[in-house]
Amino acid sequence: MNQKTKLLYGILVLIALLLPFQDFIYLVFAMKVLCFALFACAFNLLLGFTGLLSFGHAAFFGTAAYITAYLCKEAGFSPELGIVLGVLGSGALGFIIGSLAIRRQGIYFAMVTLALSQMIYFLAVQMPFTGGEDGIQGVPRGTLFGLIDLKNDVAMYYFVLAVFLFGFALIMRAVNSPFGQVLKAIRENEPRAISLGYDVDRFKLMSFVISAALSGLAGSMKSLVFQLATLTDVHWHMSGEVVLMTLLGGMGTILGPVVGAGIVVGLQNYLANIGSWSTIATGFIFVICVLAFRRGVVGEIVAYYKSKN
Amino acid sequence: MQETILKTIGLGKSFKGFSAVSDVNLDVSRGTIHALIGPNGAGKTTCFNLLTKFLEPSSGQILFNGLDITNEAPSQIARRGIIRSFQISAVFPHLTVLENVRVALQRGLGTEFHFWKSGDSLHVLNERALELLHEVGLEGFANEETLNLAYGRKRALEIATTLAMEPELMLLDEPTQGMGHEDVERVTELIHRVARGRTILMVEHNMKVVSSIADRITVLQRGAVLAEGSYHEVSSNPLVVEAYMGSHEGAKL
Amino acid sequence: MSNMALEVKNLESWYGESHILHGVNFAVRDGEVVTLLGRNGAGRSTILKTILGLTSKRTGSVEVYGTETISMPTYKIARLGVGYCPEERGIFGSLSAEENLMLLPEIAPGGMGLDEIYEMFPNLYERRNSPGTRLSGGEQQMLAMARILRTGAKLLLLDEITEGLAPVIVQKLGEVVTSLRNKGFTIVLVEQNFRFAAPLADRHYVVEHGNVVEVVQQSELAAKASLLNEYLGV
Amino acid sequence: QSGAKVSGDVVKIGVLTDLSSTYSDLAGPGAVIAAKMAIADFSKDGTVIGKKIELLSADHQNKADIAANKAREWYDKDGVDVIVELVSTNVALAVMEVAEQKNKITLVSGAASLPITNEKCTANNVHWTYDTYALSNGTAKAVVKQGKKNWYFLTADYAFGAALERDSTNVLTANGGKVLGTSKHPFPNSDFSSYLLKAQASGADVVALANAGQDTINSVKQASEFGINKKQTVVPLLMFITDVHSLGLNAAQGMYLTEGFYWDKDDKTRAFAKRFILQHKRMPSSVQAGVYSSVLAYLNAVQKAGTDDTQAVMKALKSTNIDDGLFKGKIRADGKFEHDMYLLEVKKPSESTSPWDYYNVRAVIPAAEATQPLSLSRCKLVTNK
Amino acid sequence: MFELLGITPQGLVAQLLVGLINGSFYAILSLGLAIIFGLLNIINFAHGAQYTMGAFVAWIGLTQISQWLGFPDLSINYWFALIIVPLVLAGFGLILERTMLRRLYHLDHLYGLLLTFGLALIIEGMFRHWYGISGESYPAPELLQGAIPLESIGIILPKYRMWVVVISLVVCFSTWYVIERTKLGAYLRAGTENPKLLQAFGINVPLMISLAYAYGVGLAGFAGVLAAPIFQVNPLMGSNLIIVVFAVVVIGGMGSIMGAILTGLGLGLIEGLTKVFYPEASGVVIFVIMAIVLLIRPAGLFGREK
């Protein structure tokens, strides 16, 4: 990372830290953005850096959301424990779905993940503990480590921010790690990677599980922020949304998914008043993005700077 | 010293009734350069695919250092020290040339699953990578994106990457294909040099290369062994001349 | 003077941002065989691709049998009677060998018949029902060459056709090219294998850094041997 | 009244509804218009106790998290005092939860589930227009009483469908009827022919549709395609006038259904409807009428309490008899607005004389019968006493 | 009487027929998708919206166009719609292809999917805005109104549905014939793999691609017209269907024409039977099948392994 990038990240973190001291951006909205940004980053680890397009990531997001919500509400778990178990749950699910899906490639991979996540959706509708279409509502945020009362939005915000930064740093590290190098090689030329002695499936599975677990982390956080877990979290629309976030922001860029999440969540929020026009507007944004800003917002900026230098 | 490193017993492969390789008994001695030649479609690449388990043999056994590896996975075989190159060039196009080689070197570090470790931990490999690039004459391109290399250079890079694996047994599928004469000579010389201390099994149509460095030659035809011996023995075998080399004029191409 | 089959003037070409050809000039008369020689990466394959409009951008002039093609779509250029055998062979994996062979539309009368082709390449006959990319490297190479002989195209752009072929087949290809030449085909040959190309061609163009830097007539071969050696390291 | 305590010096009403997806016809933009009409009818200059009345609206897309997020933002940041409409139960429950935490008011009109005023009830909520208890009691009882005792259910396979089926089954069996079979269909679903064939083969008198929205519309349409409505009676347990409108009378004729409001019931409703259609180009649905009524009642309660303080307003709401010409009744301790419901029969095309002339009112179901008795309520506000 | 899990054999036959009807829709739609995917390398997410559009255009033709144009007697009836609507949709497809999709061929599938996803949102949003969510009713043509009563089993089958089965089978199999049994099929497959090279052999690939997309969209519109009298014509009718149709295409094998047709029909039947015997699972059965098929036969039932 060069000096300029470091400076940029520093400024961004500073802004994030100062956010509770203003009135312009609503804190819960900011938390939502952070949750989805983490989700999109986790997804990008798979799409942008492993070259696997999963169309079923909602399954991990939603499963963790349900687990955390259920444990915190019905079993009275503390939030940190609820989150850890949620992440473990989605990681385990990631292992199962991943083992099945990584045996296939390209569009088939996308479709297998979609199919398996549809089954998770089916379970979420059918199983008694998920509360059917009403979901699990009124999840208590609880007190973190028995010390910090998360009912307070500011406390909750810093907690979400800390978790996000942790997840983000982990992903950034993973991408540039020795592991990340091998992933990149696999994405580029799989047979060659095999012939160099890499057990490609294990690498793919590993990145799938990491991505699933981090998506779960995002889902768990979301269920605490909004204090609910619903079918929306496991619906394929959610899987689609995260793809859109990643692409809008710029897939394969580190900061892209964060920006993409901000844009999509913001659109949802601020276009909410114009009813059916919001669908149309969203549609137009995608069309324009694909036709004109294919690299995504961050990707375009990066490309611009590259071409200038 | 003439110990067998790789041995196949009755190796065979058929595709939907068409048998591409049948009953091949190879015997590759340690420390030699062994060439596999034969007309197009004779089954050479298929043999390679079987040895590295990119294809599942229909019959037969593969012994590496006396060990039966017939049922092992491709990556496992690679880790045992059998590394192959591909007939159609196989590089990682969007990595730099240096990174290409490093991916191969990286396995030696044993950190390939460490997703929490910094990428800088790989810099220790740069020196060795540059060395390897130097050997194939690509050191000037170290930071070039591989995509932009011309075909011949990609082949050279592939050899460097393969070398990086410090293979005990190297399988080269037409290493000089598509190269200019200069390159061919350099690569031939390179193969000859790196062959010291390891074993090479190569497929090659360029008889100049084969005659100059191969210690032993197996000729395949229609999936079966037609002849075996030194270049001299093989090239004077009328069957081989008819099926493969053509007139002696052609052999000197 | 016989008619021009191909006339390339000031040809420039790009792949995306990268500028590869910088004003290439050469001309081939009907019935001639010429080669493009050069080191790896010199731009020889790119010249062939550019003639057919397969690069992302090109400028200059390319006349095929007297028709200016610089702003024509690729398929129309092909229909002027150009047959192309690409460097990476371009066999279609979803088609069988025979379908690959039969795929190309006949663009002019006088193409070879299927029997004739199978006679020339018996391997192909044997493997005709296999999916195209399941053929061995060399078989694919034969297929790529064979299929353009069916179309009746008279101007052939051949990119490294001897690559990966057994010496016997190379010999045979030499005979094929000679016989095509005798039948009046015009051939532009990109070759690494100079010994293969040398006796076949009327003229050799040496390409370096996207330019034609030297022209060597068949008759001057001996005289310019050292020059060629310098360019190509033969 | 200038000394009145009004938070933020303005009374803010938020219409949180489905503006763009499944329920946008029966609630949606029409609900926003209804709320605007209520404010206009309440005061010409748009004020209450001297303070300005402001209206916000947003789309929750039927997603609980979007709804909860918006509600939080409205309550926290925009100073909204009351949120109305809230079609679809999961949305209503999520927003009620937020409102309870923030000590603000919700007036639910569009959602139908009984738990809203039972196990999930809150002190700051009123359930305005209808609930599944009213639907099943109204329709099921009336139909069984006509002697159509053997029923076959097509039930949407989710909690709401199951609740509708269960409640109706209770009424059915209590009145001597019998369930011959049930087909659970996924939600949403578009082809119902398999289920309809089974229903047909079962020989039941009644094919009851325990589903909603598009599912109901398509079931009715296909039932008529299969000629089922000729031999058997199709009974949609939840259907709105907007659904009948889009189906057309040909397919819908002869069905029985229960609603809390029908525009053509009397002069007052007709007068309201006439004004409404001018703005919306469609007749008001019961949900939209409910929004009008709830907003009007809220403003009256603010006036009466002299403040927009939540407790004071809730007290005023629950202690006033409501009669705005559309709905008449009072609000119980558990938050249920108790009012009459109407059993309606869809007219034949030949009977319909003007656009939107769709129903014959077959019976008035008195408030007491259309509402779950307080004694059975599982609401904490009632059981704790 | 012999009964299987509470269903009479006659009842079962009726159920199978009903399943076949849905199968026909799956077949036409997945056929269109398969052609488009096969040739343009684009997963046409807008396929559902184009199907919706077909139904709406038919409805507009029947009821609205007279007002629009001011000729009170003008009305495009069902039979004309069956021909005109697919042409209108094909024209629409042609415009989309020429102006937008064309720029995406050299890119990853993902971009095509995203673009068409955006298009789907726009199309759906427009209809939603104009005609509301509850949709409109389209009557069956007079000739096909009513039902054939099968008194012996107490079951009635609408004539219109019979017609749907017949006409869709005809359309599907003629399409298959044209693509697989003529040289066109070989061009299509080769064009999928390497369009540039195919052009270098003298084939007008851009035109072929435009027409293929137009044809695929036309098929979607055709299915829309067929569906209008059965389902409520509403803006979401397509988006509810499209995911299932995707699954059908994948199960059949990407790019296999016959695969798309047979799988469509077969899955319609299976789904129909699930609705009878275990209705709760009918929403997920296709995905279960898809997962199983992909694990056993990665390229799909009829797909070629790479």
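Chains here go by letter, A, B, C, D and E, matching the order in which they are written, and residues are numbered from 1 within each.
Methods note: a residue touches a chain if its C-beta (ideal position, glycine included) is under 8 Å from a C-beta of that chain, and two chains touch if they have at least 3 such contacts.
What you see is a predicted model, and the numbers here were worked out from it, not measured in a lab.
Counted as hops between touching chains, the shortest connection from chain B to chain D is 2. Under the contact definition stated at the top, the chains bordering both chain A and chain E are D. Each of C-E and A-B has its own count of C-beta contacts, and the greater count is at A-B. Computed centre separation for the pair chain B/chain C is 29 angstrom, with centres defined by C-alpha atoms. Centre-to-centre, using mean CA coordinates, chain A is 36 Å away from chain D. Separating the centre of chain A from that of chain C, both taken as means of CA atoms, is a distance of 51 Å.
The set of chain E residues touching two or more other chains comprises 125, 128, 280, 283-284.
Chain contacts: chain A has residues 126, 275-276, 278-279 touching two or more partner chains. According to the touch criterion at the top of this document, the contacting chain pairs are A-B, A-D, A-E, B-C, C-E, D-E. Note for the complex: chain E touches chain A at residues 43, 100, 103-104, 107, 109-111, 114-115, 117-126, 128-129, 243, 246-247, 250, 254, 280-281, 283-284, 287-288, 290-291, 294-295, 298-299. Contact residues on chain C toward chain B in their complex (touch as defined above): 18, 39-42, 87-88, 123, 127, 130, 134-139, 141-142, 160, 163-171, 192-196, 232-234.
Across the complex, chain D meets chain E through its residues 20-26, 28, 157, 183-191, 193-195, 197-198, 200-201, 203, 213-214, 217-218, 221-222, 225-228, 242-243, 245-248, 250-251. Chain E makes touch with chain C in their complex at residues 186-187, 189-190, 192-194, 196-197, 199-206, 255, 304, 306.
Taken together, the chain B residues at the contact with chain C in this complex read 15, 18, 37-46, 87-88, 148-153, 174, 177-183, 185, 205, 207, 243-247, 250-251, 253.
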